[in-house]
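Both complexes shown next keep chain A, but they swap its partner, so chain B is in the first and chain C is in the second.
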Partner chain A sequence: MSKTTAPEPRTTRATLTRRTALKGLAGGAALAAAPGWVPYIEAQSSAPLKLGFQVHRTGIGAAYGRWYDRVTTAAAALINEGGGIGGRPVEIVTEDDGTDPKRGAEVVEKLATQHGCDLAFGTLFSHVVMGSAPRAGELKLPYFVVSEGHHVASGRLNRYTLQPGITDVKSQVRAMAPWVTQNLGKKVTMIFPDYAFGHDHRDFFSEAVAAQGGEVIEKIAIPPTESSFTKYFPRIPRGTDVLYHVMVGPGVLTFVKELGEFYGTGARPAIFGFIDSLEAVDIATPGLDFLEGTYFWEGMPRYAPPDASEHEGFYRQRVGVDANGASMSDPKDIATYAHMFGCWETLHVIKAGMEAAGYQGPADRAKLIEAVEAMTGMPESREHPQGDKVFNGRTHQVFGHQFISRVEGARLSVVHKTSIEDGMYPDEVDYTTQPF
Partner chain B sequence: MSRAVGLHLGLLAALAAAQFLLPDYHHGNLARIMVLAAFASAYNITFGYAGMLSLGHAMFFGAGLYAAGLAAEFGGTAAPLGLVLGVLAGAIVATVVGLLALRTTGVSFMIVTLMFAQAGFLTVLYFGEFTRGDEGFVLAPAARTVLGLSLADPATRYWAALCVFGAVMLGSLALARSAFGRVLAAIRENEERTRMLGYDVFRAKLMALAVSGAMAGAAGAAYALLFGYVGATFASIQYSILPLLWVLMGGAATVLGPFLGTLLMFYLIDISSSFTTAHMMIVGFALIGLILFFPKGILGTLRERAAPWLP
Partner chain C sequence: MPAMRRVAGDGKAAGWAAVAALWPAAASAHVAQRALVLLLPTGHSIWGGTLAVAATFGLLALIPGRWLARAASARIVLPQGGEGLRPVTSWLGFLAMAGLVAAGLWGTRDPLENPLPLVVWTVFWVAFVILHAVVGDLWHWLNPWSGPLATLRRAGIGTRPVVALPGWMGLWPATAGLFAIYWFALVDLAPDDPSRLAIAVALWWAVHLGAMLVFGEDAWRGRGEALSVLTGFLARLAPVGRDAAGLRVLTLPGARAAEGVAPPGTAPFLLLALAGGSFDGLNETFWWLARIGINPLDFPGRSAVVAEHTAGLIGAWLTLTALYGGCVALGARLATGRASLAGAGQLALSLAPIALAYHLAHYLIVLLINGQYVLVALSDPLHRGADLLGLGPHFVTTSFLNRIETVGLIWNAQAAVIVGGHIWAVILAHAIATRLWGEGRAAALSQVPLAGLMVLYTLFGLWLLATPVGA
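== the complex of A and B ==
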């Protein structure tokens, strides 16, 4: 990490005469009265900090975006109740990116150059992050993504892009592999969408399973345009112990229904999936009965566990989610609970980073990045209700606990919580060596 | 110099002057709009002048985007070579597709080009190991340099976008005023009669598609090099429909229509999306209004009613 050193104060000898004092006073008064100067003075003291929120309000990410929006609003309200950031209130400036990478880059530009935001945050879908991050780097705009993609820690982005509020997919699957191979079986068949998200799971999980002495015996890639899945199921080898699925999108209900029809009431392998498939979907939805007894990864348990911490309860209440993972005002409105905590925690990291950096304005953006890079441990707290975490300043990626839940009585019950170390992997980049 | 030439050169001069006048946000937007307008101009050659309704232009734009992007990523090519590769990729893909698709006309042509474009999109996803599929990849700063100048620099990017747009627009103007352009217009108006007059209609349409593909490829390559991101979204059906809408709004078979349509549509979405999530409904209303009051697009209707000299 580069060090910033405060310039030495210059020592000058000046003779203060009545004339120079009067000149100084007059000049100061004129400047203070000049249009444009008063707001500047104000900005130094109490003007709101503008945090640009790039949200998927429309497009394929809209269900996630709706909850990211609510969590962001709740977190900003909490921060403002507590006196804001460094004594300055926080203003969230929201722009919809349509879950589109081209629009994402435009939105980052708009937040920086038109709205004058101090930073941007909140992007979820990986392709939007990839499309937007180069522009954030060019604009030298701190860009805090909440995406769980491996793009940040892989070194493919830039020094201005960080992911301090949610773990990445590589970490998640590595943490899952020991439990899956020890409890469900060592011969795994993977069913995944045939695009980057699915390929990440395929590559990282295969590697992690092999490290545990297991084997992925078949990899079934489903084309993204597919609407029926029955024809792929005969490819599942008979010796499969565990069926691992990460299907997402509108076809997921059909996928589960057809999988249930394929196996019927006969013997089937253990089934393990990522909750990404069913975020914002009620587990009790007719047609999902087949999921009973299967397992899911959760970033944060949707159904409040009996041993939930005080911080988890506080967070759940503030973001308006009931104990079943649904909106308090509409039980049919299911939260994207496994992911949305990332916005809450990211905003609190931003607050901690800005305060540590003594952030005053855009000139301090590099200081903010350095302050976040210097972070390491993040204890479980109201600011980090999902659990304690470790931030790696070199890779700009946070590491934390993961949860494995079993579907029991159309609810998800946590059966295992991984350690932070389970998900760690060697650094692939050191962003701190890149110049600002 | 005729009024028409003066108008087009005047637009380029105004765009050059805007570089020094616009605030940061609109400065960046205009660079993006010029690249996309080059894509729309390419579409206009096929749709506006030759009368072929293609839904496959995302494939040509994507060919240029990936040619420049993959060459830089895996071959370490310099930006100018990337642009040349983009032009070639667009032209070659358009020619190959044209040889097959031009056996059909009308709705069939639209469906066949759509089918090819979808195949192209799925090919990008299929070779995800290299293309990173839907997630795409970011071009390294070293690949985005021309004569020691970084294309990530706002001023350099603006000038580069203006050069690409200017070349495509002046190329379109030259084509519209050429004998070949008149043949294309004749094919659009009455293909059978043109054939009866002795013109090789298939050859002319294939050439139009190849020129259009080359221009779309140039726009795709420019987008990759100027904005640093290459992703499958740009090869999806959405990017076959968008240039159609831009051209329809600005005026099909007008040289400046694609630019005007792209500009208006960009800001329509930009402004409306700040107020409502139903911004596409606003775009829909705008298109309905356009059909009611400007059935030939803004400049097409203007040419019909007040400025017949407009090319």
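== the complex of A and C ==
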């Protein structure tokens, strides 16, 4: 019993494997079965709950998938050490979707029918979510995505698809506008890749800036195939207060370098970007010196802020990430820290939802959805180390705080934490009106 | 490579996928690495490497062909024998395969934890295949057929071929098999899926066992089973192996590559090996994605490009074959006054080092990443949380792809491999051409077209390593 409840042994790999996490639960389940341990363990199966983890192990999402897997493994181990879900151990059943939408749908079906999973979770890339969610809906399989796309809240998906562990891009972009316009300036020039991802940023941010009394004075769309950017910079108007960039892909470091060469050491506007451009990349990379003094959105601060909560520190330690956002086993291995907390928080929402629903088996899947839809506030805690959140049961989307960080000494330092309300927008759907 | 990567279709569908897309292509480890490569001064290396290959050819033209021939014929005869152990080593290979197939069917579903995909795509397809060019014909010893067939023969089954494999078929059965392997690796939706791969491996074994019973083990392994043929060509580059007379000898690396006759179909087989390795690199580039109408920052997944990548793989093979055939014919015309493809098979033996180089250069990063997962799997073979190798928690890292120093180191190593492979090929081609057409001005002139192709291919190979990728 003591072994299963003591959360400190993080020194061997053994403590981190899913199998061990499950094994440790043998004692945990016995503990949970003790009278009065938890109120929801009446006569029910002690068989493991099977949570299907749809992960981008291969394909273009593999770099993120590695960290999503690591966070998921850590969260499942913690849940099992604490007695599992409703007294039952949790087993994570991993299936790789190759970051492909068609394969994603196949994998969802495999998780549901072949492996008998109670639900599926963890999908990250939006095109895979869009390809997989309809199948989850057909199979009536609760599907918890961690993709931060606006697809859930936009109403394009279904009653069985939820995003309770990470905020969506619309919310993130809108939440930036008040601080940016009040602190960096009201005249914004946007540089973005010329396709839907960039257009989202353009549209969401233009609208939010206008609402704050600011103005996007120039929108510079860069063709996705471009690998040299200098020729676009003369289009940045002289009166620009803030340059907002969301460049992505292999050209992103070249973009930063050329922007630095363009401005040299002379005066330049304030520069604001999304960390997606540099997720898992060392800010201290030669050629990125120009980023010094510029600002980034972060979903969760890569460098532990001095005032970080104990929960944040606990999460970091359990996942094996140091105070610089790198792996404890390799200080140069930078985590996808701004996003991966979503897996941790999603698993804890699943746990809370299943326990609230008195979940016994697949017959209770609709009850689980209703239990999650009924959630509202989520206080900052071990379960929610990124911060407190508000869940909107009608749109199936969670809302939370965002961070704005400044590059100082080749590190990111948090300068502002937005309010949850900064990122809120009117409902675009009410999934609770859809039948199961 | 599998472990490691749709047409925009109607604009609306793709548009929507992307509307929701938050996750840009920067997500790929390869893309992060490529972003750093774009900061490196790769231009000098590209032109320098290409010039080095051209200079090698120029230098060779000044060296009498008999010098090369003498160097190539230098050999030390090694102890013979040991063949009696083959059934035993082959049974070990069979048992390993069977165990891996079982793991694929019943083990964890995670392709980076299940030993089957790790062993097939990283240990076997990358490391083991390449090792043949260093230490010789390992597959000869470890293939999963020889042992079981020896046992069957002892029981009176398969003692002689049912029918002879027609000579006109040449290496075409093996070529078809090699195409199937490349297609599965590059185009199939889930080549890493443990159960799918287990079925593929079991089928491969069963089909070829059947073919060996029908056509005879030696005939089918020599011309029908793609892995035996491929590793056989690569093993001829190794310093240790059997020469044309069947003696186990120690020679200069590559000295045996051009010996003996090239069976019919040698050129198409080796050209496919090279084209497959080249397309598995080209298919990720911005250039290729633009050709097939894919936004390189928003790669929609393999399922969207099945037809395009199938056509691309075939197209790469046909294009390379046309270029090669043209250069050989032109070379023959310069040497003899008459265009002919008679030397195409023999000269194709010089392509083996280039195919090897593309294989190693392209899969080096896969080896560096998935090799770590292999170690983790070895450290915990039963997936029970053991740590037999003492690797500690969170052993797997990809930080070497996120740092410009290590990315530069890896890039230079890849470039050196590509240039080295081409230089090796130019030397081999020179030796073969001298044998075909003798020495003298006409013979030297005859090699110019093929050497020119190799110089251009060096440029292409180095460009592949440096150009932006998005898939």
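Please note the rule applied: the second predicted complex is superposed on the first by the 392 of 436 C-alpha atoms of A that agree within 3 Å, B and C clash if a C-alpha of one lies under 4 Å from a C-alpha of the other, contacts with A are read in each partner's own complex, and residues count from 1 in each chain.
Keep this in mind: a residue touches a chain if its C-beta (ideal position, glycine included) is under 8 Å from a C-beta of that chain, and two chains touch if they have at least 3 such contacts.
Quick caveat: nothing in here was measured; it's all calculated off a predicted structure.
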Clash-or-fit label for the pair chain B, chain C on chain A: clash
Chain B versus chain C as contact partner of A:E138, first or second or both or neither: first
Partner chain in contact with A:A196 - chain B first, chain C second, else both or neither: both
First (chain B), second (chain C), both or neither touched by A:H151: both
Partner chain(s) touched by A:G287 [first = chain B, second = chain C, both, neither]: second
Chain B versus chain C as contact partner of A:T113, first or second or both or neither: first
Touching partner for A:P48 - first (chain B), second (chain C), both, neither: neither
Chain C versus chain B, contacts on chain A by residue: C
Contacts of A:D330 with chain B and chain C, given as first, second, both or neither: second
First, second, both or neither for A:H127, with chain B first and chain C second: both
First (chain B), second (chain C), both or neither touched by A:K102: both
Overlapping segment of chain B (options 74-82, 146-154, 164-172 or 236-244) - the one that collides with chain C in the superposed model: 236-244
Residues of chain A that lie at the interface with chain B and also at the interface with chain C: 57-58, 62, 95-96, 98, 100-103, 106, 126-127, 130-131, 149, 151, 156, 195-197, 199, 224-225
Contact set on chain A toward chain B in their complex: 57-58, 62, 95-96, 98, 100-103, 105-106, 109-110, 113-114, 126-127, 130-131, 133-135, 138, 149, 151, 156-157, 194-197, 199, 223-225
Complex contacts: residues of chain C adjacent to chain A: 2-5, 15-29, 31-32, 34-39, 108-113, 189-190, 192-193, 286, 290, 295-304, 376, 379-380, 383-387, 391-400, 402-404, 468-471
In the complex with chain A, residue positions of chain B that touch it: 23-25, 28-29, 32, 118, 122, 125-126, 128-129, 132-139, 152, 227-229, 231-234, 269-270, 273-274, 277, 279-280
Residues of chain A touching chain C in the complex: 10-17, 19-20, 23, 55-64, 66, 69-70, 93-96, 98-103, 106, 115, 124-131, 147-151, 154, 156, 169, 193, 195-197, 199-200, 224-225, 227, 248-254, 257, 276-277, 279-282, 285-287, 320, 326-330, 332-334
